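When the chains are written out, they are named A, B and C in that same order, and each has its own residue count from 1.
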Amino acid sequence: MGFKSNIEKFLGILALVAMLVGSYVGLVVVPADAAQGNVQRLMYVHVPAAWLAFLAFFVVFVMSVLYLIQRDERWDRVAASSAEIGVVFTVVTLLLGMMWGKPTWGVYWTWDPRLTTTAILLAIYVGYGALRSFAEDGEKRARWSAIVGVIGFANVPIVYMSVTWWRTLHQPPSSPRSVAPDILWTLMLNLAAFTLVYVYLMVRRIRFAKLEGELEKRMAYNA
Amino acid sequence: MRVEAGTTLCLVGPNGAGKTTLLKLVATLLRPSGGDVHVMGHSLLNDPDEIRKRTGLLTVRGFLYDDLSAAENLHFTMRMGGLKPRREVIARVLERIGLAEVADNRMRTFSTGMRKRLALGQLLVRPIEVALLDEPYSGLDSQGMRLVDEVVADFKAAGTTVLLASHQDGEAVREAEQTGILRKGHLEILPESEPLSRHLSVGGPAGAPEVD
Amino acid sequence: MSLLHRAWAIVWKDLLIEARTKQSFNAMVFFAALVLFIFSFALGPDTELLQEVAGGLLWVGIAFTGLLSLSRTYQNEETSGGLEGLRAYPGDPRAIYLGKLLGNIVLLLLVESVLIPAAGILFQANLWPHALGLAAVSILGTIGFSVVGTFYSALTVNLRAREVMLPLLLFPALVPVLLGAVNATTLILEGDLMGEAVVWLRVLGAFDIIFFVICIWIFPIALEE
């Protein structure tokens, strides 16, 4: 018991430190972008947040598949925790994207394939969460959300491809810029920091989920 | 709990005791939260489809479509049971349950008693080995109740196992080889000497039986 | 094969009931017409604008109308004891999915056969030269819509707030279908000089196949009690 909570604390501190370092490097150390100015620094949080939004959902997918095969409620707990945390990252991604877009291109929203797919991902997450809140029975809730998790995730690459086609048929694709090494490093650093935050949040959330599960069982037994 | 093939078990008990749940469990519509159910040698957890092939369920409301006729409902039942629907079989069953004259009328026009008879008919168009009857007498007049008794007697003669749950007294209930009381999910098989009339009502609501 | 026979039994039952009551069909046609009218009013009498967006408007109409019929897919089972009745029969439960799916596709296509000409009239678009292309989009898009729609409506049938949950779950899954259908329709109506519509039709076809396989495979788990 003490060992586990020590690991949690260690992770939390590590994540915090990593975030601070990453933010410092991103905001102060690395030079601002020639074309876009300081706003471009938002990339250092926007991109990792996006990465994690999708990673979290990938975890939901894997856990959902595992649950459907093994029917072990532990997988369901991990899936649900990842979904909750994933929503947060998705919203952050979208907000940062809007903050970046307005000064850069003059609009809050573009129908860029990645942004659009992220918005759809949010809709899938919300559906997943709503489904869980409307299902009372623990087993049914786990099973149905696992199904939605699997199909929802299978849909993400298809959505991305469809939107990409849609955009390229109407607009030439944006030319990829070569990335300077220190920008790349900063990005990687922030990516690692965000991933640590995710892991820390997951560890805590899963622990709470386990307690919630036990509480539910006791309440059902006494009913 | 064990029911010998070809015999009849009658379940009695107050509302909410779980009689319908038990019947639905045997019909494979519900999964047991613990343990297993074996029907004719097949396990519910491993082989539910084999069980479904051999069981027929009669529920209080019945699985009938209002906008189809009596004959069409039976036609559908046969198809879904994996059988080729034959007009003679359907006609014969309709005759047996007393609905031959209204065979082509839409179910929407049927009275409660007629619906119940048709639901009973659904069990007769398929060759089943286990008949599960939930409150078979409800909604029927005395003629209908006699029909139920006759059908159960036919089942017995054919070696079909019957599980029936009933509030009301009737010949089929009294002729059952075994009787069990279900109370709050606990089943107790009554010894043969126990007078059944203490646990049943004739027309009124069943009281809570007090047998220790 | 027994699976097909039982699926066919369900299609026969549903279409027979529909033919007798005309409940769904009438409601759907009326609703679709309403949607088309409102769009026409909203966009104004500029026929050029209407013709440009005709593809999109048409599919919005079809999507909403389809949603209406999906809610009813399992509802007519409600009065006859719910899906329980169908589940008590022996055989692969996938027959239920297949039967309901085919029934939904047929019904939606029937409504579209009225809706598309009506759209042509309201938006003053001449549809006849594009009839073949429109038929292809119509069929592929309807299949895609129905494949996911039938699946999710089975999933949500026992859920509280099902009327909210169905569109919520369905919407992200329909994005590829709607993108494909709308783009293909618009291109076809414009004459499709570059042959791009075929790309979209292929996208639709691929989506239909992929999701049909996933949904029919997973269906028994969705149906479990």
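Everything below uses one rule, namely that a residue touches a chain if its C-beta (ideal position, glycine included) is under 8 Å from a C-beta of that chain, and two chains touch if they have at least 3 such contacts.
Note that this is a predicted model, so its numbers are computed, not measured.
Hopping across touching chains, the smallest step count from subunit A to subunit B is 2. Measuring from the average of all protein CA coordinates, the nearest chain centre is that of C.
Using the average of C-alpha coordinates as each chain's centre, B ends up farthest from subunit C. For this pair, subunit A with subunit B, the centres built from the Cα atoms lie 53 Å apart.
Centre-to-centre, using mean CA coordinates, subunit A is 32 Å away from subunit C. For the pair subunit B and subunit C, the distance between C-alpha centroids works out to 39 Å. Annotation for subunit C: residues 224 touch two or more other chains. Residues 68, 120-121, 123-124, 126-127, 130-131, 134-135, 143-144, 147-148, 150-152, 154-155, 158-159, 161-163, 165-166, 169 of subunit A are the ones that touch subunit C when the two sit in their complex. Within the complex formed with subunit A, the residues of subunit C that make contact are 148, 151, 155, 159-161, 164-165, 168-169, 171-173, 175-176, 179-180, 183, 196, 199-200, 203, 207, 210-211, 214-215, 218, 221-222, 224. On the side of subunit B, the complex with subunit C involves touching residues 24, 27-31, 49, 52-53, 57, 59, 61-68, 72, 76, 79-82, 106. Of all the residues in subunit C, the ones that touch subunit B in their complex are 2, 5-6, 9-10, 13, 16-17, 20-21, 76, 79-81, 84-92, 224-225.
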